[in-house]
């Protein structure tokens, strides 16, 4: 009990992941401005402006801030869903490849493992592409050197990886290892991968309309700067502190929206893309350690499925 | 009538499932602090701070709390939907396996029942995986010992169970018990199971961005601690009680959000995963008690579907 | 014009479907309490508590109430969508069965009509299952007696009906009346039926988390009971009436949430499940009155589709 | 610039599409009532009721109104989406029919055009069905007289049109003009049409729960009628005007919700169903003016696809 | 750090993309009106109207504004999603065409490239169609002259392009270059393209119901014009400035909604459709630079897939 209470306070005062550092300069400026106004007021200047809350109705400001918060969070969560979709498609496609494609010749097994690695390469390439980073060594481990070099000249590396996966599947079909129905279903999963990639690009390249961003900042400015004039009469020397606290509350919410709305970076508040890619890699490794049941009847299978049932396998 | 009224009050004062116990220490602290402030005020200290509601606009705080509530509930409900999707896919996959796969030999029936048990194993393994619990005896009942032991070394046990189900289906297809079209459709349902598993993992592993959590706690702290200064002049000795009530209202809402956002645990406010798994088990048992119609024409069926229509069955 | 105005007022004062009766006792209690407080105040007791709205900020209460309202309505509407999905799948499955399955022998037609009746049985069984009612005569009209009796011992009758429908379709495929592609597509529609059933069960069995329900009731209680102390100074003897009106507004909203969140019952505010089932029955009857075009070429059809095109029909 | 400013004011004062006319009588009544109260007050009656905003918290009322607005608009937009889905399915189904079905005999072309007309008939029949209008001449143009007459006796005409479309497609398959895979895909599009029809029916036949409607009207009544007592002291003779303006704002929002929530009628605020049907008709006409490429190789096509590739075309 | 702070202020005062210019005239008018009222008040006129915030409750106005903001943004985002769907379908369809269709004869390759160009033509034609612009040279680059001329007489050019793509695919199937299963899957992607086009048309042609637009403008007018009367007593000569600031906040939000709700134009706040089309073009060009693996085994492929596996390829 005591521990959970203590944890609550520790989180409340935590610095990492907080927006405190980002908004502090602006909060400080607002506080100084509030102090200056109260000093002028004490000197007898007529800086008192009794607007009684109606200057930028705090309701309108609050609702706009929540709108900002909601849309930013929606983008964050939609980005997470797109990555969830990548995980799902990678897992399903890997399992289907592993279970469905027979391995009559030793090199088939190697080709299958290479295909599974390409699935991981797709995820990693997507991560790098979204972060605007070049094709690095991180990708080299998942493919032959020739492909790795080819990848470096491309506008959109993940799309090329998807092309290779599709090419591998089509080839297996042409060699009668994969029925047309399963090929089509796997193409559907591959389509999902490209859809998730495109969804991430959509989130990244279409920010919240500029007009909202500007209008919200303008209203925040007007609100924070008019605050001292409204409260200097009642608050006196406390004006600066109050203004700083209020502007911390408001600017902090806006700042979180800014940090969250592009969730593909390296910050504490971004999606843990490296961990997600690591999870997929472990799942694939686990899969490779399992043996599909056609290992147990290799003879029969080769005969039946590759010669007789050629049209239906 | 009287009963329903009475029930209303009983629920309102119920302790189980309530967050009262969790927030009481913090509420108590706030009340004490309010009492101290009022005592100082009565001693003549200048602790009066006439901010007239504008220090942390209560609107902003309220909207942030509702944002917290909404997102936490969305996560709860999304987790429930993912489990609903598991129920749906298990029911449909079980029915299709039971109806579609013929049983020319006695051991085929046993294999079918084993496959249905694997579906239940998937659900139970997902439950344990989400709760971070090890592979326990609960799972042993649904599979042979060799598989159960294999499962214990895996990073993600449900994925392995999905692999076995897929392997069983592919095997039935290879033995001409299942047409490629039905195999593909069943793979789609299996994909749904893995998608639901992945959705649950997504909910569990991606909390609400830390920046929101911290900022909300900070605003709550500032709000509750500044409250006594604002109201001590009008409320006098009642200050402590009022502050305690207000902080109970606010901290309670935040606490609910915390409890709800990871809905896969053992608490009163979590999803009833054990009951859900039990429901699926009863459904499967009911299904096994029913006889698909090919039992009634076993002769004709064997001849027609297994010899002549071998490519199309 | 006058009529529409008049209708407006009549609806506003309508009793049926209103929550007035349900909340009246509690509203009355609050009013009495308010009257007692004002009486004490007039006697000179110090029951005045000048909290100036900050005791349970009305914003927080209001937003919680709206959260309650939204989630309850979402559940209502989701339940409606699930039933809409049942209607859609029944209509499409019925049309496909009627159009696609040929009737070379007279009893085939009877079997088709029986299958359509099973679709209706699914809907009715779902209705009864959701209402927690036993398998009644309402269902007996849609199936042979033997099945009706079998149904009575089942945990989840609709699932069994779905099994029978699936079994019928698989049988048609085995007898070469239905191609494997159409069978698979129809299975997809059958899966949708089970998905809708499961969605309804999910809504019914997963209430809004208890912690919200309790916390909201507690805040409502504190709000309504503290109200007279806050307003007794300004309102005097009117306190009781005002408290009663306010508590009517608030408790009424909460009560609606309670009534709406489980929408499968018999109340005025529940979904019209009986009417929905009736609509489906009329649609099926209309369908049976129509003749698919293979009646006009019965000879050719029998020859072509049942002998030659056996693998492709 | 001047023009856009001018347009703004013209829209603000526009009568057509506005709810002014609908709410005016009630607004007028409220104003009169306010005037009477102020007159009584001036006569010295004790009609002053200093509730200080807490009688029906305006927040609760406002949030309920917005809830009303949101749900009504959601229904409007969902209805629009259902019609969008009809447009999409009609376009796709028409294109697939036009491109995929060969025309070896002259009457085949005529049959195809008739099928496209049935698609339009489905849309028009849905429109009439949702508006509760009988089967009129508008439909007669799209089908033979015999069908038109048959349609008049049906409970749900669009469903029957869907049956005819399905029957046409199944017939083409039986005559080897359409592969089973394409037939199944087209059935999927036909299912979408029926799903969209059913979604519209759902919106139309399931209003917002009565309890909400009644409670909102009651709170609006209490709010508007208690307003003069609250403000008569400060406003004096202006009370009537103020009450009229406030009630215009509130009743107007509620009235819009009423007008919007059933969007299938003939009002200015309803969906432009006639225009939508017209668009579809133009799209179909454009399509008919195009020639699929099998016209250019009629000889080869007849031989290949109708004799040799009979099972696969 | 300093840079990011500076950027914040620069954005706040940015003119491009802001709605300042659009609302300035109306804001100016409101300010003038406020000044006139204060002047009259100083002259001793009885223009003081002490409504104490209840004339158009600011809550109702604020919530309506947020409703406007939300729906406008939803439309913007839905339009973006539709274009995202176009990107996804173009990428997937292009990849499948490139990988799946063999090229035994040299002109086949040219035909494939032409088909990919048609995909781009679809996107560009959709862009022009949504903007109400005629078929221009921008399209001519993607198709033969004859088709380009044909396109100019059409009501809905993108639909015609979709027809040509479908025709190309059907032709490949007829020539045994594309299995029926892959044809059906590609038709599904083509259907998605038409669905996205139709979704954009729906957003464009169905504005927010007129009744909302009018009512919101009326309430804004009443609010802004009654403001000076309410505050002239406390604010004196500052009335004009305050009214201007408040009306800037409110009218600005409404104006953003107007600009955002039709996101297909050329404004700074519209979707970057030209850039999106450019991205697709680069993706297609990258794809064409890659060689599917059947180039490496042309001999074997021709023999196997075009002669033997003719029905299954």
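Order of writing sets the chain letters: A, B, C, D and E. Residues in each chain are counted from 1.
What we mean here is this: contacts are C-beta pairs under 8 Å (C-beta built on N, C-alpha and C of every residue); 3 or more make two chains touch, one makes a residue touch a chain.
Labels paired with UniProt names: A, B, C, D, E = Bestrophin.
These numbers were taken from a predicted model, which means no experiment stands behind them.
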**OP:** Please find the path from chain A (Bestrophin) to chain D (Bestrophin) through touching chains that uses the fewest steps, and give that number.
**Re:** 2
Original post:
Degrees of rotation, nearest 5, to put the Cα trace of chain A (Bestrophin) on chain B (Bestrophin)?
Top reply: 70
Original post:
From the C-alpha centre of chain B (Bestrophin) to that of chain E (Bestrophin), how far is it in Å?
Top reply: 36
**OP:** Averaging only over C-alpha atoms, locate the centres of chain D (Bestrophin) and chain E (Bestrophin) and give their separation in whole Å.
**Re:** 22
Original post:
Which residues of chain D (Bestrophin) are in contact with two or more other chains?
Top reply: 59, 63, 181, 184, 311
Subject >> Chain-level touch network, classified as line, ring, star, complete or other >> reply: ring
Subject >> Going from chain D (Bestrophin) towards chain E (Bestrophin), every chain in order around the ring >> reply: D, E, A, B, C
Original post:
In the complex of these two chains, what residues of chain C (Bestrophin) are touching chain B (Bestrophin)?
Top reply: 22, 25-26, 49-52, 54-57, 59-61, 63-64, 67, 71, 154-156, 159-160, 162-163, 166-168, 170-171, 174, 176, 180-181, 183-184, 187-188, 190-191, 194-195, 198-199, 201-202, 205-206, 208-215, 217-222, 226, 311
Original post:
Hey, which residues of chain B (Bestrophin) end up touching chain C (Bestrophin) in the complex?
Top reply: 1-2, 4-5, 8, 11-14, 16-19, 53, 58-59, 62-63, 65-66, 69-70, 73, 76, 80-81, 84, 87-88, 91-92, 95-96, 98-100, 179, 181-182, 184-185, 189, 227, 230-231, 234-235, 238, 242, 245-246, 249-250, 252-253, 255-256, 259-260, 268-269, 271-272, 275, 282-283, 286-287, 290, 292-294, 301, 304-305, 309, 311-313
